[in-house]
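Here's the structure, in structure tokens; my notes come after.
Note that the chains take the letters A, B, C and D in the order they are written out, and that residue 1 is the start of every chain.
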Amino acid sequence: MQSTLDDIIAEVKPLIGQGKVADYIPALAEVPANRLGIAVCTVDGKVFKAGDADELFSIQSISKVLSLTLAINRVGDELWERVGKEPSGLSFNSLVQLEYEKGIPRNPFINAGALVVSDVLQSRLSAPKHRMLELVRGLADDPAVISDKRVARSEYQHSDRNAAIAYLMKSFGNFSNRVEDVLRSYFSYCALKMSCVDLAKTFIYLANQGRPLGWNKPLITPKQTKQINALLVTCGLYDEAGDFAYRVGIPGKSGVGGGIIGIVPGELTVCVWSPELNKSGNSLAGTAALELFTSRLGRSIF
Amino acid sequence: MQSTLDDIIAEVKPLIGQGKVADYIPALAEVPANRLGIAVCTVDGKVFKAGDADELFSIQSISKVLSLTLAINRVGDELWERVGKEPSGLSFNSLVQLEYEKGIPRNPFINAGALVVSDVLQSRLSAPKHRMLELVRGLADDPAVISDKRVARSEYQHSDRNAAIAYLMKSFGNFSNRVEDVLRSYFSYCALKMSCVDLAKTFIYLANQGRPLGWNKPLITPKQTKQINALLVTCGLYDEAGDFAYRVGIPGKSGVGGGIIGIVPGELTVCVWSPELNKSGNSLAGTAALELFTSRLGRSIF
Amino acid sequence: MQSTLDDIIAEVKPLIGQGKVADYIPALAEVPANRLGIAVCTVDGKVFKAGDADELFSIQSISKVLSLTLAINRVGDELWERVGKEPSGLSFNSLVQLEYEKGIPRNPFINAGALVVSDVLQSRLSAPKHRMLELVRGLADDPAVISDKRVARSEYQHSDRNAAIAYLMKSFGNFSNRVEDVLRSYFSYCALKMSCVDLAKTFIYLANQGRPLGWNKPLITPKQTKQINALLVTCGLYDEAGDFAYRVGIPGKSGVGGGIIGIVPGELTVCVWSPELNKSGNSLAGTAALELFTSRLGRSIF
Amino acid sequence: MQSTLDDIIAEVKPLIGQGKVADYIPALAEVPANRLGIAVCTVDGKVFKAGDADELFSIQSISKVLSLTLAINRVGDELWERVGKEPSGLSFNSLVQLEYEKGIPRNPFINAGALVVSDVLQSRLSAPKHRMLELVRGLADDPAVISDKRVARSEYQHSDRNAAIAYLMKSFGNFSNRVEDVLRSYFSYCALKMSCVDLAKTFIYLANQGRPLGWNKPLITPKQTKQINALLVTCGLYDEAGDFAYRVGIPGKSGVGGGIIGIVPGELTVCVWSPELNKSGNSLAGTAALELFTSRLGRSIF
């Protein structure tokens, strides 16, 4: 495994320079473009890594899987009355579909869906930002994980589109809390700073029937685990989900910070990071690295 | 396995009466609503069955997987210049997305995509309808498989929407042959009459790295097999693909005749049939049967 | 003229009961449904009236013509860089078109357009709500005109959809001020309380080359007047503009309070009021009254 | 009047070279780009002209007003069950709105609407192409008017988009005849060859309460005349109707051949021709000429 990861880093490195670092907020635009890391965690807890796998980065939309997990853990199947389970076929922040479908977002991984999930957490948890931090620290087994306040604040200052989405859902009765409050929580989740190693460890519960590393009780049920993986395959990579399934062939979730987490159910998690994005907003070198990873190991779900 | 199938038939039977047989053409509307069958074929060729598993029915859109396979076999990756790999997020016969995306269908399983695939076959094969018949007979190991001419003719007479789709693609330069000719071939594929057992055997190549039952050479490569399965998961069940992945958790393809084929990669294929459809146009009892099947056997891909 | 107005009121009265009073905010829902009034003002200042022509009602979207006039008066043709002049073809508060057209509203009479116009006034005027009040009092020659604070407050509390529209435009860079501030001004304009007689007098400048009643200088130029009338014909009655032109045949603007103002260029203005609305949100009896009015007098622009 | 027309031609001439001749079919692309003509016909039959006012050109979509007139003449208000009266807000040949609105075109001047009107004529007339020719010859008082078969044939060969539109309406039950037959008639109407003088004379009935020049009975009623003019103002210039009303201020209809007919109700018709089109597909110099015309004469309807 170690040599496979080393090889992948070497082979993918030349792609750096072909993508574009996210620049819609200054705090993200500053990230060095030439980083590349990969980490693997197996269900029995072994960790392998290569490249910049210990460097912290902004997990951004990868946090949507964590907030969804927390919401399912709290409200169970009720959640699906407020958000769908289908691919969107449109860009991740479009309002068109939301209007035609009367304020019910297509799935929990487009922005509208993640905002509804955050709205649920806002209603159910007394201190949602703190609770998320606690959860992530517990999953990553790292009490030092923090959310970058500067990034969160900067995103809040550029949140007009997300505010429009939230108000539109509110006008359809599918949003309970103050838009401002939910946006602040949402950006706090997005601004979590973690490394490839942290994330590979954090998401092992999705490869292991809902059981986090070193916990003595499950976070979610095996059935819920399977369901989240299904959602990741059909909706995890924005409007590139089909292509990712076709090329990489495992459940995955990307963030504009350049991270992507992938799940090989029953076996392992793999996290890659490289800040330059392709046209669909997914890490360019990261996607290539995952494609090599599943090909080399013969570890697709298909 | 046998007892599992028997149990599933018994448990799902009471759902009959809750769906609605497709009635957009008379030939399909006549099918007895109370049929229910299931068949399993393993990669080593064992067949199990229960209920009406030997009764012939119209495979309809399940044929789209066969025409896609044939097209990939003939033109390889070139195909993807004319059709996408992403879920559509809209109903299977919508023209809206097709217009915004300049005549390139989202994926090969919506009608627009299947028509482009049929157009490719029309250009590449001297006798496309006959070639398809030959292929299916070879895959099912049954020289008696036929296409129901009455059904094909009836569909052709109700094909205004499909003609609109084809002409729209033609106006964008993504359609080469005469619309009438391609529609006739397309409906001939859809009108194939097969049983659950036939279909389970036919599709074993998707569970077995591209190798059909009893053939001494593969039909497609292992990589192409994996790719088709990925497309089935993200796009195989119209606008219910996400829900199907969530509940059933395997690659699958449905038809308005009430059949659904499912693939458990590396292990087996499973085919169900029950003519009554749910609101999304997929077999109601069939979907329930597949959900039970993957739960009982613990055979999800996630 | 007087007998024509009396006849119209008598003939249209039986329609009351067939429409539905706007009930999206409590303050509007309370209005007595059975009111019906009509007033005419000629360019030489003669006023005719019948029915409840002196009763005050909430002018709502009719105010969009006033804010447009004020904005044109202040910024001239520059305004058209931020808002279009074309009919929308979609419901008055849709976000779909706004997203496709990158935050530029189709015309100044859909909500998005009126919000941009209000944003312009917010930037250009030191006290926009007060300035609007002053203008209207001057046009109607009635210092007692007020804006109903209870109605404005109630609308602000139900403004999620409008907030979504404003934030969406802000995300495209087409909105300068705080959303909250502009919404408060916008609802203050909408909540103006005026009678049919007030409105007929107020809008005489559109029938008279830009010259208000009793003013010694014009409010806008003859060309600007002609342009506003053109916009009223193509976009003044939401998605019923075509039907209104077809049946009534003069420039007009409606409000959900049940008022409609009509312009016969060079001759007169006519204002009707009846709170019950048809399916497109325009006064049902009011539209019928205007249709009779232009037919009886032979005063269409076509 | 004569000197006004001469002046307009002189002033507008320099615009030639800024637009683009329609080139979607070879037969239209051949037209000399530098032509410019204008003709006026008054309700009492006086004709004025300047520039290339006697040269024949392809009237294209201007024919939609003639087919609408014929259909209203035959079926009256029934027509409006199959086609709407509202502006479309989308490009003239879009299928999106048609799908959302279940096959009912927005108005008779977008392609879908004109095809429905042609379908009505196909059902009601024994020889629709011949009947149209007869009508136009009678209106223009010129037995030599013909339809250019080469143009019609060329358009038929490039009619995939229109075929898609017709089949889509057929799938919704809003199209009765064979698509091929209606398309042939439709293109025959479009391919009529007429001059500015011909067209100004032909359309005088729209300025004169439905009475054609020199006929002793009206073609349509005064009310129907008013209604067609209303439709022209709101929908006559594709997605530039609002801008045309704003700048020119009279009912009008354009064609891709570069002609535009304008109506000043009660007074006159004016026809301009210049083959180069602007981005919306309307004659660039022609629009400018009409703007000058209504400004100089003070003849807007607003």
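In the analysis below, a residue touches a chain if its C-beta (ideal position, glycine included) is under 8 Å from a C-beta of that chain, and two chains touch if they have at least 3 such contacts.
Per UniProt, the chains are A, B, C, D = Glutaminase.
Nothing here was measured: the structure is a model prediction, and the numbers come from that model.
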item	value
Partner chains shared by chain B (Glutaminase) and chain D (Glutaminase) (touch criterion as defined above)	none
Lowest number of touching-chain links that must be crossed from chain A (Glutaminase) to chain C (Glutaminase)	1
Centroid-based (C-alpha) most distant chain relative to chain A (Glutaminase)	D
Interface composition of copies chain C (Glutaminase) and chain D (Glutaminase): same or different, split at half	same
Centroid spacing, where centroids are CA-atom means, of chain C (Glutaminase) and chain D (Glutaminase) in whole angstrom	32
Gap in Å, rounded to a whole number, between the CA centres of chain C (Glutaminase) and chain B (Glutaminase)	55
Interchain contacts, given as pairs of chains that touch	A-B, A-C, B-D, C-D
Residue ranges of chain D (Glutaminase) in contact with chain B (Glutaminase) within the complex	94-96, 99-100, 160-161, 163-168, 170-171, 179
Chain A (Glutaminase)-facing residues of chain B (Glutaminase), complex	84-90, 97, 106-107, 225-227, 229-231, 233-235, 239-243, 245-246, 249, 251, 265, 300-302
